[in-house]
Every structure is written in structure tokens, then in C-alpha cells.
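Below: a set of structures, written as C-alpha cells.
One chain, chain A, links the two complexes that follow: it is found with chain B in the first and with chain C in the second.
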Partner chain A sequence: MVTKQNKKDNLSYTKTAYIYLIPAFTLLAIFVLYPIINTIITSFKLDYKFLTGAFTEFNIRYYHEMLKDPVFRRACVNTSFIAFVCVPASMISALVVALALNSIKRFKQLLITLYYLPQVTNVIAAGFVFLLIFNKNFGLLNTVLGWFGIEPVAWISGSGIAGSAELYNQSYRRCLFVLFVYSMWQGLSLKVILFLAGLQNINPQYYQVAQLDGTSKLNVFRKITWPLLSPTTIYIYVTSSITAFKAYSMVVAMFSEKFGPPGDNSKMMITMVGYILEQLGDYLKPGAVSRASVAAVVLMLIVMILTALQLGITKRGVHYK
Partner chain B sequence: MQVRLENMTKKFEGKAGTVVAVDHLNVTIESGKLIGFLGPSGCGKTTSLYMIAGIHSLTNGHIYFDDVDVTGLAPEKRGVGMVFQNYALYPHLSVGDNIAFPLVNSKAIRQRFMKELDELNQSALKKTTYQQYVDMQVKEAATLVEITEYLDRKPSELSGGQQQRVAIARALVKKPDILLLDEPLSNLDARLRLQTRDEIKRIQQRTGITTVFVTHDQEESLTICDEIVLMKNGALQQYGPPQSVFDYPENQFVAGFLGSPPINLIDGEIRDGQLFLDGKRWRKIPGNLENQKVKAGIRAENIRIAADQEEEGFPATAIAISKLGGMTTVTAQLANGSKIKLYQDLSSPIMVDEEIRLKVTKDATMLFEGSGGKILQW
Partner chain C sequence: MKHKLIFRKSLLYFFLIVVVILVIIPFYWMIATSFKSEAESLRMPPTLYPHKIIAGNYKEALLLAPFLRYFFNTCTVALFVVGISTTVSVLSAFAFARLEFPGKQMLFFMVLTTMMVPQEMLIITNFSTIARLGWLNTYRALILPFCINAFHIYLLRQNIMQISDELYIAARIDGLSNFRYLLKVVLPQIKSTVVTAMLLSMIWIWNTFAWPNLVTTQDNMRLVSNGLKNAFTINSSIRYDLQMAAATMVTLPLILAFVCTRKYILSGIVRGGVKG
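Coming up: the complex of A and B.
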């Protein structure tokens, strides 16, 4: 029962708690909350001058313009490709690798270390290595394909795409493939480690019980491993897709700051973050900061909505201890 | 179902060399009995259980269920139900789903129950679906262990004792021929342990299933088991009904392991057919035994204090008296410092430092030779 005295105690207790929270709140307000709000406001200011703060009017025109911008659409498609194709694909392969690693005894530690190596490798350096792998004339991939009698493929090339839609699309598909392989490789290591940790958290006696019953391997995975691993899976999915929406450096590593293969000037491989930076370009030009803000606000909204959806949908199906 | 262990041996290869966990164990468990595998930590009792279950393979020997050699058989083909020490209930499934798990997810068990259901449906007017049949089986198992009201809860919402029952229900629902329990009471508090102990006995008697029960607690095994298998360092020490193992232990280890307080062991010597304790002649012993050093073992409940000055007895001094509920335990000291525990007769109370004389009841003195074997009991 809540008595008056209790209520009073609770209140003073709450007050004390707030005082303790003030420093953290202050920092959050200055470095997170204020920039977000300011970005939102800035996104509506037309011809905004960054240095003087002057602007002509409050309008949603930049939003209109951005939604009609083909480069923005391209950025949306590419980013979605990373978030909804590359991330699930690399999660599935990470789970398979983790399950395999978890079931072996010999060389386990060595293999785990090997799988973790990409995580400590520089993105730009690794991107350069991938460029060499996919090189048309002396790349590893074409050499291997050559053993099977396949003609060298120009994986990263925009030659001749200016006049031909067919060539353009072919070049785009190849670039997406390169991006897919690279992001799989790059994202695998951390996911494998996280899945392994999740798997090792499952009490081995659950498997012994299932074994005594003669439960098939598939049922053991479906009914025991998968549900008990679900908190790890959701954690990996949410964090990886947020990271995917912020993808930038890996595209630059392989397709340079022009966001495309040599010969392309349509920025075919641009991402959302890449688009924001593009808009910022010459930030002294009136309106440039506002346009970048528009893109930033849209990206933030997309990430927020998707994260909320993911957590909301999966809340029922996930078993937390 | 009868379970016969023949020279059952398990060796583990470790960094420190080979460890013999179970050493040529020969035991025949009669059908429908509740058997306790008993021994101190590391004696091989759980390893034995895991071998019967098929989780561990045998290094040597054979296991027979009735006359079928199951040594090489996969666990799921043996028809055993097992309850693990920490129950291993699936935390994401409700109690009902936990119990139904083997019926739904195991192909072999599913087929067996499908067949049963088909026979049932042939003579029935109203056909039962498999799902309904599973529900019936779950209900039945839950009723047996008295957890029907918790079927919709998650295991984490149950107490330890209730979780224990769910685990037993899950092991029994598939109608196994043998039930294996690995230290089923060790995670429960003292009161619940007593209650669950009787519960297990009741369930075992109701189902009549051959049950093997692993425990390190001698009291548990003495109270509920039909027979006990006492082990040490992987080797069988004694096998038989608890009371007879208790009354007639074959060696010093068995005598010392069973009973609380532990049996009194006093250094003694046989000289010319007489037993000397503490350098003093005590009793004449039957038979012809060589002169040797021995240990005399006498349980506290078999010692009484001589009633009056006329009666003969072995002299000692009472050095401590402790009361525990209705029992009063006296610690007495012999002249050489050996301590003996006995229960005090309430009709003739004694005091600390009192000189007393001790008498032993018939058939209660055991003599153990240096290697631990029993050489005489009279």
C-alpha cells in the first residue's frame, strides 16, 4: 500500500536521482539533442548561409527537390541493397560458420582468430585488395574463372556506359556483386563471434535431452537453438542494419569519392551518407547545408522507423532469459 | 525392464593420462525396482548413468536391457527417460510444450504414438487427432506429478520443486522402459528435498518403471531405494538392499559412508583370539583369527552405557553431550584419545566428565583389516 509518507519518500528519492542524472543529460542535450533539432530546423531554411545564419524563407522545397533527385533514389536503392540483401546474407553465412565452429573441437581457437581478422583490418586497405581481386586483367577472380574457360570479366568498369542503357545496367549489376562480396567478407567476422558467444550461452544439457528423445538435427535447430539464439540474432540484425544505413567508407574504398567505377559519372554506387556529403559539398554556397540537413533528417527517420519496426515485430518471437 | 551391466568400464583420456571413471561394474537391476547409485564425488555414478542412457559410450563391457544388448545402441533407441541434475527444461517453452516436446519433435516416438493412436481410433466412434492425443498424454503425465495447473506457465515461473516435477513428467510422457534420475534432489532446499524424495518414490511405485537414481546423499538412497549400488573410484563396493548393506557392510568404506553420525572406528589389535582396544583387553572373539592390527567399527546406535556397577563394560569418559531435538549424542573418549559417539538413553542421564562403561549390542561389532576388508562381524 502506498501511504502518504511513502509517496513523499519516493518523491524526494526521485529528486535526488534527477540531480545525479543532470551531468549526463546536459552532455546529451548539447551534443546529441541540440544538433538533431538544429538539423531539422536547418533543413527547412531556404538559401541558408552557414556563416551568417541568414535565410530567405521557411519551406519544404528542398525536401521536394531531393525526392525528385535521381541520385537520391540511387542512394536509397544502394543503401537498401546493403541493409536488406547484404546484411541478411552475411548473417546467414555467419550463423552457418558459427554453428560449424561450435561443433568442432580441434583448431577451434585458431579458426576463430582467423575469422576475426577482417575486423582488425583497415577498410581502405582491404578495399584496395578487393580491387585487385576483381581486376579485369590480373585479378584473382578472373584467373580462377579463366581455369574454367570463362573470358575475363570487367567487374569494376564503366566503359561505354554513357550511350547504352544495357551496358550501364550490366556494369551496375557487377558493381553490386563486388559490393556484396566485400560487405559479406567485412561483416562476417563480428557476426560469427557474436553468434558463437550466443551459441555457447546455450546449456549443452538441452541438447542431451533432445538427443535422448531422438530429436532430429533440424528440429533441434528449429525448436531449441534458433529460439534460444533469438536475442543474439535480433541484436546482430538491428546493429548491422543501422551500420548498413551509415555505409560510406566501404563504397569509397572500392569506387572512389566519385561513387562509381571508372568512366561512370552518374554516382551509381552512392549511399545515403555519401549523398549527405555530396550535398554538403561546398558548404559556403547558400542552401548547401540545408540540403545536406534534409538528407540527414530523412536518413534518421528511415533508421528510426526501421529499428522500431524490427524491435516491435520481433518482440513477441524473441525469448530473453 | 531388467538392466544388466556386465564389466561396464569407462576410461577417459586426459592430459594427465588415462582416468578410469568406471571399472568393470557388474550389476543386475531387476525390473520395476528403484535403484540408487551412491558414492562420493567422482566415484563414477553419474558416468554409469550416462552410459546406461547412451550419452557416453563404453570403453569395455556390455549393457543389456532384458536380453537385448544395447551397448552400441543410440540413446534414442534405448527407450530411456532421463532427468538431469538442473532439469534442463527449455526456457522458451511453456510447461505443457516442454512435456509435449518428445512426442512432437522426435520421429521415432511420434511414430510409436501414432501407431497407438491408430489402434485406439479403430475401435472408437469419435476419431482423435494426434494433437489431441498428445494433449491427453501431457495431461496424464502432468496429473501423475501433480502440475496440471501450471501447464501454461514458463519454467522460470515455477519453484525448483515444480520444475523438478516437470522434468520428470517430460521424461515419463514418452513411456520409457527405464527412468534415469541424475542427482534429482541436489538443487532443492532441505524441506523440499524430503517431500520430493517421497514424491519420486510414489511416482515410481505408481508407474512401476525401472528407475536408476544417482545421489551422493546416503540418507536419500537409504530411505527410498529398493537396492543400492555403492561405488568408490569407479569400482563397485557393495550392492544390495539398503538395510542389509547398512547392517552388513563388506568393507570399511561402505561402513563409513553409510550412517549419520558416521560409524565409530577404533584402532585395535587381535592377540591370541582376544580383541584389544586401546591396549586393554576387551572381548574374546569367535573363530580363529591371526594376530594383527585391526579397526573395530561400531555404530552409535549399537552402543549403550552400562546400567550399573555390576555390569561389565569398556571404560571411557564422556567429554561432550549435544542435544538435537529428541536425540542426545554423547562423545566419549577412550584412554588413548580415540573418540566414540553414542546415543544417550534418556532414562539414565550422564554428565560431562563422567566415567562410563560402554556395552555393545549383539551382531554390531565389525572388524576391518588393514586393507579395509571386513574380516568379522559378531
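Coming up: the complex of A and C.
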């Protein structure tokens, strides 16, 4: 039975609780919840005018158009390249580095700090440095390659690509390589830290038993480290691929707002977020905001599917019990 | 046996040091170029270190673009974002962790769901909200959308839940109000998580590019990333020496801040992940 006093007490709890939540939920409503709903609705508005808010009808035409848009396809290919090539590659190297770090004691903290630096470096600054390193004439990379007798390579150049498909593909491959090197450098740090934390969470008793049994190093990794590390691995993969799907600043820093090497007009290096922001840049043009919204909705769906996958896999539990 | 062990160890260190060198090279190249003269920065092949150190590049970079203004803007925005978002997050995290009220589960689920939605999706509507309010080129536009962070609410809630119930009951019996309990008991105990959340916000603001680029068109309202992006390209030829000096100035404060507060930042990152 609830006494009168108790009830009154509960009521006052309720009131204070809501007062604590008001600031957070006001901001959440204006800057998160409303935008989600509004973006979904806007993506269906045909000829939506930004200034007046007028539109002709609700239609899925922009979704159709976007799927056929070659620039959007390119954005999907480039984004997938980051998520499915760069991310796994940097994960493998991060795991190797973390395994090495885990078996040393001296200078460990210093090394961790140094590995982490790219993560706290301004993206634009880092992008510019890479641009300079990959410069054809006075870049560091070509200088080093020159020591081995390799001719200077025009890493980021679009000269002559308009007329020749072969030159275009060559230029594209080189730009992807620059992007790959940059994402390896940038992404390694965070993954090393997370892998290391995962490795340190593994109960050392497993290793002691394996040592008593005389299990080989390779088998210790295959039978103990890898399975017990799998929740960490999945977590890192999902969060990194979500970050990859949001890639934008690094591409702008290296390939400018035109999303390509100088001389390229096809937006060779555009990403999904790049596509959204580029559409939004023309916001005064009827329909532009809707097109941006369409791409944003697709991006949100991809990120949500990835997150749901992660939650699903982690809940089922992939580790030994 | 012992020799073999030493050999293995040195191989390990050799590998780790090679990786460190690869990680450090861009930083080295940035700083080295920032001290070169204009002519030297364009020399082919490049010099591997500045033959003549030109410290004046830093001064020239500061004069060429209003970098002090960018720094001021970024610090102002960061200060407000850190202040507001920390207050907002602590208050709501406390309510979710400690208080009972109808709809608690549903509201918390809502906060968690928004963690899944990419910020980049919100940009479109937030831009039109800000534009309609006539807030383009204002600090408000740069500050407010960054003040809500579901991840920090989640992180702080987990931490507050670890504080024992007895403490709360004792405090209430002693007649301490919820707010006083939050200030006197909870805050001192979650101090390190609060500091972590503040630092993560600061790094975020320092490096953010897309949103400020969208809502500021005037040069005197830009943040460091946007300023750096737009400066130093004069008649399509780039002054690499000045650009690298500016890049160094943008990068160093954050690196110094990180080195001093490493413990907090790394613990926050790890807690957000593996155990979450």
C-alpha cells in the first residue's frame, strides 16, 4: 500500500527529474529529433524551395534519380573503398602493432602517446601535409622513391584525363592510393589503443595454461587471443566503418571542394557526405535541399544497419563462455 | 635461450620504432617545411631539413590570414560548448541514473537511438533552422548544435550508477536536496569522467570542419580548420612554407593538450568502446 506521504515524495521526484532533463531534451528536440524527421520528409518533397518552403508534391522521384546519378555512384564506390579496403587494412596493421605493444613493458606509454598523435591532429592540417608529401616535384615520397631510381610520379594530377580513359583510371588509382595511405596513418592510432585495451582484458590465466601445455605461439593466437578478442574486433570494425561512411573533411583537405585532383571535373574522389554537402551548397536551387536529404536518409540507413548488426552480433556473444 | 629472447625483444622494438617513424614523418615534414624559406620550400628535389631556419614564417602566416581571430573564435566556441554541454549532460545523466519518473526507459532509449544517427544527416535541417533564425555568421550558430551529446550522457550515466545507493539514501535522510547531492557527492566522484567528456568536446571543436564551413561566410567568424583551409592560396599558387607554419600552429596546441591530459582522453575512448 502506498501511503500519502510516499506518493507525495514520488511526485516531487518526478518534477525534479523533468527539470534536470529539460535542457538536454530541448536541445535534442531542436537539433536532433526534429532534423531527423524533417530530413526524411524533405527527401520526398518535389521542387522544394528553401526560402519559401513551397513544394509541388510528395514523390520518390529524387530517390530514383539519385540511384542513377553517376556522381552518387562514385560517392558510393569511394566511400565503400574507405570502409571495406582502408578500414580492414588499418585494422590488421593495428592488431599487429597492438600485439607487439602488449608484449613489451619499457617505453610502452611513450609509444602509445606517439601512435595516438594523428588522432588529435587537425584533419585539414594533416591533409595539407599529405598533399605536400605526395607533391610531384618537391614531395618527400618522390624524393625517397628517387633514391631507388624511380622516376617522379604525379600522385595527385588530373592533367589530360578528360580525353583518355586510361589516364583517367591511372589518375583515379593514384588518388585512391593517397587516400589509402592517409587513412592508414590516421586510423591506425585509435585502433591500436582499442585493440590494446581488448588484449589487456583477456584473462592471463588462459595464457598461463597454454604455456604449461606447451602450445605454439600461432595456436595461442588462433585459439585464445583471436576468439577472445573478437568482440573488440567487431566493435572496432563497426565503429570505424561508420566513421568511414562519414568521411568528408580529409577528402576536402586533399582533393579540394571539387573532390578531385586539379584538372578533374568528374568529382572523382567525392564521398557520400561530400555529395550531401555539395547538394546543400546549392540550397537556393529548387529541389537541391531535397536531393541532399535523400542522400542523408540513405546514409542514415546504412549507419543504422551497421549499428544494429554490431548490437546483434555482440548480444549473441562471439566469445567463449 | 636468453640470447634468443633478447633477439626477439629487439626485433619487437625495431618493428615498433619503424611504425613510430612512419607515424611521425608527416609531423616532421610539416615542422621542417614551416621553417624553410619560400625558395627552399619549392626546391626540387626538396631539402630534408631546413638549411636556413626562417622563424619569420610564423609571424608572416599570422599576418597574412587573421589566425589570431580564428584561434579566438575557436577558443570562444570551445569554451561555451564545453561549459553548456557538460552541464546539460551531467544534469540529464543524473536524472537517468538516480531519479525515478514515468517515461524514464523510453526517454533514455531515445537518447541512445540518437547516438546511431550520423551528425552529417542533421546538418541539412540544422542549417535551415539556423538560416531561418538569421543566425548565420554568429557564435550561437557555431555553439548550440554542438551542445547536445548523447554519448556523453551515456558515459556519465554509467559512471553515476556506480555510486552506491546507500550514499544517496543517507544524503536524503540528512535532508540534502537532489541538487546539493549532485553537487556535493556525485560531482566529486565522477570528476574524471567529466574531465574526459570536456576534453573530447574540445578536440571535437578544434577539428570540426563541415558545420562551421556551412554557417560562416565571413572571414572573421571562421574557426581554425576553416581558416586554414582557405588561407595561403594566392592566385592558385600555394605558399607551402606559410601554410605549414599555420598548420603547425593549429596542430601543436591540441597535441600539447593531449600529452598533458593523455590519461583522461585514452580512458574515455576505451570506456566508450570495449566495455560499453
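The definition used in the following text is that the second predicted complex is superposed on the first by the 275 of 321 C-alpha atoms of A that agree within 3 Å, B and C clash if a C-alpha of one lies under 4 Å from a C-alpha of the other, contacts with A are read in each partner's own complex, and residues count from 1 in each chain.
Operating definition for what follows: a residue touches a chain if its C-beta (ideal position, glycine included) is under 8 Å from a C-beta of that chain, and two chains touch if they have at least 3 such contacts.
Keep in mind it's a predicted model, so treat the numbers as computed, not measured.
Asker: Please determine, from the superposition on chain A, whether chain B and chain C clash or fit.
Answerer: Once both complexes are aligned on chain A, chain B and chain C fit side by side.
Asker: Touch check for A:56: first (chain B), second (chain C), both, or neither?
Answerer: After superposition on chain A, A:56 lies in contact with neither partner.
Asker: Between chain B (first) and chain C (second), which, if any, makes contact with A:245: first, second, both or neither?
Answerer: Second partner only.
Asker: Considering only touches as defined above, state whether A:206 meets chain B (first), chain C (second), both or neither.
Answerer: Only chain B is touched by A:206; chain C is not.
Asker: First (chain B), second (chain C), both or neither: which does A:265 touch?
Answerer: Neither partner.
Asker: Once the two complexes are aligned on chain A, which partner has more residues of chain A within touching range, chain B or chain C?
Answerer: C
Asker: Between chain B (first) and chain C (second), which, if any, makes contact with A:223: first, second, both or neither?
Answerer: first
Asker: Answer with first, second, both or neither: which of chain B and chain C does A:214 touch in the superposed model?
Answerer: first
Asker: Check the superposed model and tell me the shortest C-alpha distance between chain B and chain C, rounded to whole Å.
Answerer: 9
Asker: Could you pull out which chain A residues touch chain B in their complex?
Answerer: 203, 205-206, 208-216, 219, 223-224, 227-228, 319, 321
Asker: Could you pull out which chain B residues touch chain A in their complex?
Answerer: Of all residues in chain B, those touching chain A are 53-55, 74-77, 80-82, 84, 86, 88, 90-92, 101-102, 105-109, 170, 174.
Asker: Which chain C residues qualify as touching chain A in the complex?
Answerer: Listed in rising order, the residues of chain C that touch chain A are 9, 12-13, 15-16, 19-20, 22-27, 29-30, 33, 41-46, 48, 87-89, 91-92, 94-95, 99-102, 104, 107, 110-111, 114, 116-129, 131, 144-145, 147-148, 150, 153, 178-179, 203, 206-207, 209-210, 214, 224-225, 228-229, 240, 243-244, 246-248, 250-251, 254-255, 257-259, 262, 265-266, 269-270, 273-275.
Asker: Enumerate the contact residues on chain A facing chain C in the complex.
Answerer: Its residues touching chain C are 10, 13-14, 16-18, 20-21, 23-25, 27-28, 30-36, 38-39, 42, 50, 93, 97, 100-101, 103-104, 107, 111-118, 120-126, 128-130, 132-133, 137-140, 142-143, 146, 185, 188-190, 193-194, 197-198, 201, 231-232, 235-236, 239, 242, 245-246, 248-249, 252-253, 273, 276-277, 280, 283, 289, 292-293, 296-297, 299-300, 303-304, 307.
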